[in-house]
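Shared chain: chain A. Partners: chain B in the first complex, chain C in the second.
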Partner chain A sequence: MGDERETPPGSINEDEPQVNQDELILAQQRQIEKELGDLEPVSSLNNEYSTDPIYLEKVKDLSTKYKYVRRTRPDGNCFFRAFSYANIERLLEKKDEFNQFYKLAEESKDVLVELGFQQFTVEDFYDTYMEVLKRLRNIDDIDEARKELHTLFNEQGFSDYMVVYLRLLTSGQLQKEHEFFSCFIEGDRTVADFCHQEVEPMYKESDHIHIIAACAALNTGVRVIYMDRGTGRTCNEHDLPEGCTPTVHLLYRPGHYDILYP
Partner chain B sequence: MAGSALRRLMAEYKQLTLNPPEGIIAGPINEENFFEWEALITGPEGTCFEGGVFPAKLIFPPDYPLSPPKMQFTCEMFHPNIYSDGRVCISILHAPGDDPMGYESSAERWSPVQSVEKILLSVVSMLAEPNDESGANVDAAKMWRENREEFNNIAEKIVRRTLGIPT
Partner chain C sequence: MAGMSPSERRLQKELMSLIKEPPPGVSVDSNIAEQNLLHWIINMQGAAGTLYEGESFQLQFKFSNKYPFDSPEVTFVGNNIPVHPHVYSNGHICLSILTDDWSPALSVQSVCLSIVSMLSSCKEKQRPPDNAFYVKTCNKNPKKTKWWYHGGYNYISIGFLAIPEISVPINIYRGDSSVGKAPGEKMAITPRAIIRAGSNPACGNWHLHRVWLCVLHDSV
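The block that comes next holds the complex of A and B.
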């Protein structure tokens, strides 16, 4: 998942003329100049599928559970950008949890350095990450804080550095729990190799394993709603890690994640 | 984000100056412009490039370290992984998925936590152990495989030239 090479099993009916997902995604990329768009009603997804009854049915199902969608730039970083944004956004309403999260973030650089990351390669990303959190912490009005979050995540300099830092935290988590995660890595790559090739570089898309490690790194859970051309009228949902109480909701369409709001 | 790139390049320069890896010197050509560096790389011992001092240029993009720099030797070179114009072609200078030479999936790739030092160390290993599967210079790759003696002779001449010794 989250990777053009893989599709969830049974999701695409080979006999169907396939909607050209690549073209749709390219169109979306041109359309949103922003890293993250404004809130749009879930029904706005209909515009992309006006001739596709399967998707239309699923958008209908989706709109019974969610009110809004926030689109993200489909550049391979979408999971990390969406997850980082949505997680901070929901913490803005919860001062105590925000402060706990802040403390965890403050300590995170030392953890990475202990794991073997060179300090000077991590520093700038950490500093940007903390600066964003600090700026948000200093704003008392929640709506103002939301606006600031949106502004910062749409400034490429901040936004990309937030993405990199979450990639590094995810890599750190995978390496910390390498014994557990090694079972999920195909081929004879070590967890560290996997991190260097699939997690740390920008624009590499995310799979289940990235999501589970990112959730553990940020100490939260996510619900992913899968919307594809698979049979059935409803979208499948998946909580990661399994059995968690999800705080962040993401919409997955083959190759891409956007944020959902109940 | 040229500001972040500059900050990072200054940090790397400091790191390389305080803690230089053996046989490598690198830094900005002119401290007014941190986006163009020169490096001097000593040929690794026990290889046909031993004793040579090879100058190269590194050009950094404005979004460094999100994207990798480009590297080019400015002296004559003859090596399977160096183009005839001196450009270096190794996996660490490419992000995953960017595969001009069909690198092995296990090969080291660019990411924001790589560094100039790691690149230069990879280049030293490349000089010691050419990868003749990825032929940036096909003639050199062929000669490395089939006529090692001739390859070593050419390398020796290049080494002498970098030192200003008549060949």
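The block that comes next holds the complex of A and C.
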């Protein structure tokens, strides 16, 4: 590109630290090739923090409450991917609830179209979403169904469609309850603006407001365990929506969500 | 539609819908699109009662096989590039849904409608203040330009843009004057600003060499 040729005086050599940083990031990205990893013991988190006493203490606390963690690709879609996966995974064990969820999903497209989403763009994602649910519904053996879920969520042709559809459902929920949610949006953006800029595009990270709306859209409660460098030896827990009985458990470390299993 | 990839299936659907029910002032050249689904030309008429009434423009859409997850590359082409504060004379358009705010739930039709509305709301025909410099230095593909869109902020902190790797001086264009700024330094800008940085294509978007900030005169 033309503008790189005329580096302003006083700038540092382009080949030095910045490039290394880029390579590190790319290498890390390649390393985490899976959208969703296999189950790992919570203690595996220790490897990331071997020199960090605060985090080590918190991993210890976490391992008294949870056995396993499932890592997700840190691409900004992690909340949506993790939430969607963990929710369907737990429904595999409960046929009745699964069928209820299936029915809710079947009706969701019309709700989105009524809210003003373009029919044929929504359809694209809805069809794939329903196909995944249909495939899982037709498998009787729970372990087989789990395997299929894991395979589908690691195929981009399915996984990203699942992410987009949950983003659309979340956006739909926010817009349906725009009066309530408008209080949580900073600046003079409308709820619809917020949805177009922060919810519907891929790779945009999720905040509290996304989670609350996603929970409402899927009629599911989630417990988020916050693990950061803050004081205290234990991790903070938040149930969303407040007072719910959470069925999905997520580990939040600044900027990222993974799935936890009791 | 058997044998088509998901992106081709989706584009075929969009093409049919655009031929059947085109939004006012918009028509797709179906011959070109049918020859190559990844390359469309769209004719656009300036809306009545706006500064562009009576003018016609051509938009080029290029799609990758990751569409609709990847945004389309959209530029004005042909011999009439609209004179507009968000349109560079090489046809590049500064519109957030074409990069950062693109969502797979958007479509060719929604992009066309946004561009029609962008043109229609224009109060004074002029090129972006940094047109000459941008056109001389930019990549042919507008998606290679890292655009930042900021509306309604009175202050922007360059450090706040969370690009810790910036370690070169930044040139900031304020209207038509330029001032060098160090990373992290704050400056007051009014009314509305667009920050654009050329990124090194070899390193994706992580690597910024220069940030432009141009203040547009048309909005608050």
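Things worth noting here:
In this section, the second predicted complex is superposed on the first by the 232 of 262 C-alpha atoms of A that agree within 3 Å, B and C clash if a C-alpha of one lies under 4 Å from a C-alpha of the other, contacts with A are read in each partner's own complex, and residues count from 1 in each chain.
Quick note on the criterion: a contact is a pair of C-beta atoms (placed from the backbone, for glycine too) under 8 Å apart; a residue touches a chain by one contact, two chains touch by 3 or more.
If you're wondering where the values come from, they're calculated on a predicted model, not measured in any experiment.
Within the superposed three-chain model, A:136 lies out of touch with both chain B and chain C [touch as defined at top]. In the superposed model, A:191 lies in contact with neither chain B nor chain C.
By the document's definition of touching, both partners, chain B and chain C, reach A:200. Taking chain B and chain C in turn and counting the residues of chain A each one touches, the greater count comes from C. With both structures placed on the common chain, the touch criterion links A:125 to chain B and to chain C. Across the two superposed structures, the residue set of chain A contacted by chain B and also by chain C is 117-118, 120-122, 124-125, 157, 160, 164, 168, 187, 196-197, 200-202. Residue ranges of chain B in contact with chain A, taken from their complex: 1, 3-4, 7-8, 11-12, 15, 63, 65-67, 95-97, 105-106, 108-115.
Note for the complex: chain C touches chain A at residues 6, 10, 13-14, 17, 68-69, 96-97, 100-107, 109-110, 136-139, 144, 152, 165, 167-169, 171, 180, 198, 200-201, 203-204, 206-207, 209-210. Partner chain C is touched in their complex by these residues of chain A: 1-4, 7-8, 10-12, 14, 17-19, 21-22, 25, 117-118, 120-122, 124-125, 157, 160, 164, 167-168, 187-188, 196-197, 200-202. Residues 117-118, 120-125, 128, 156-157, 160-161, 164, 168, 187, 189, 193, 196-198, 200-204 of chain A touch chain B in their complex.
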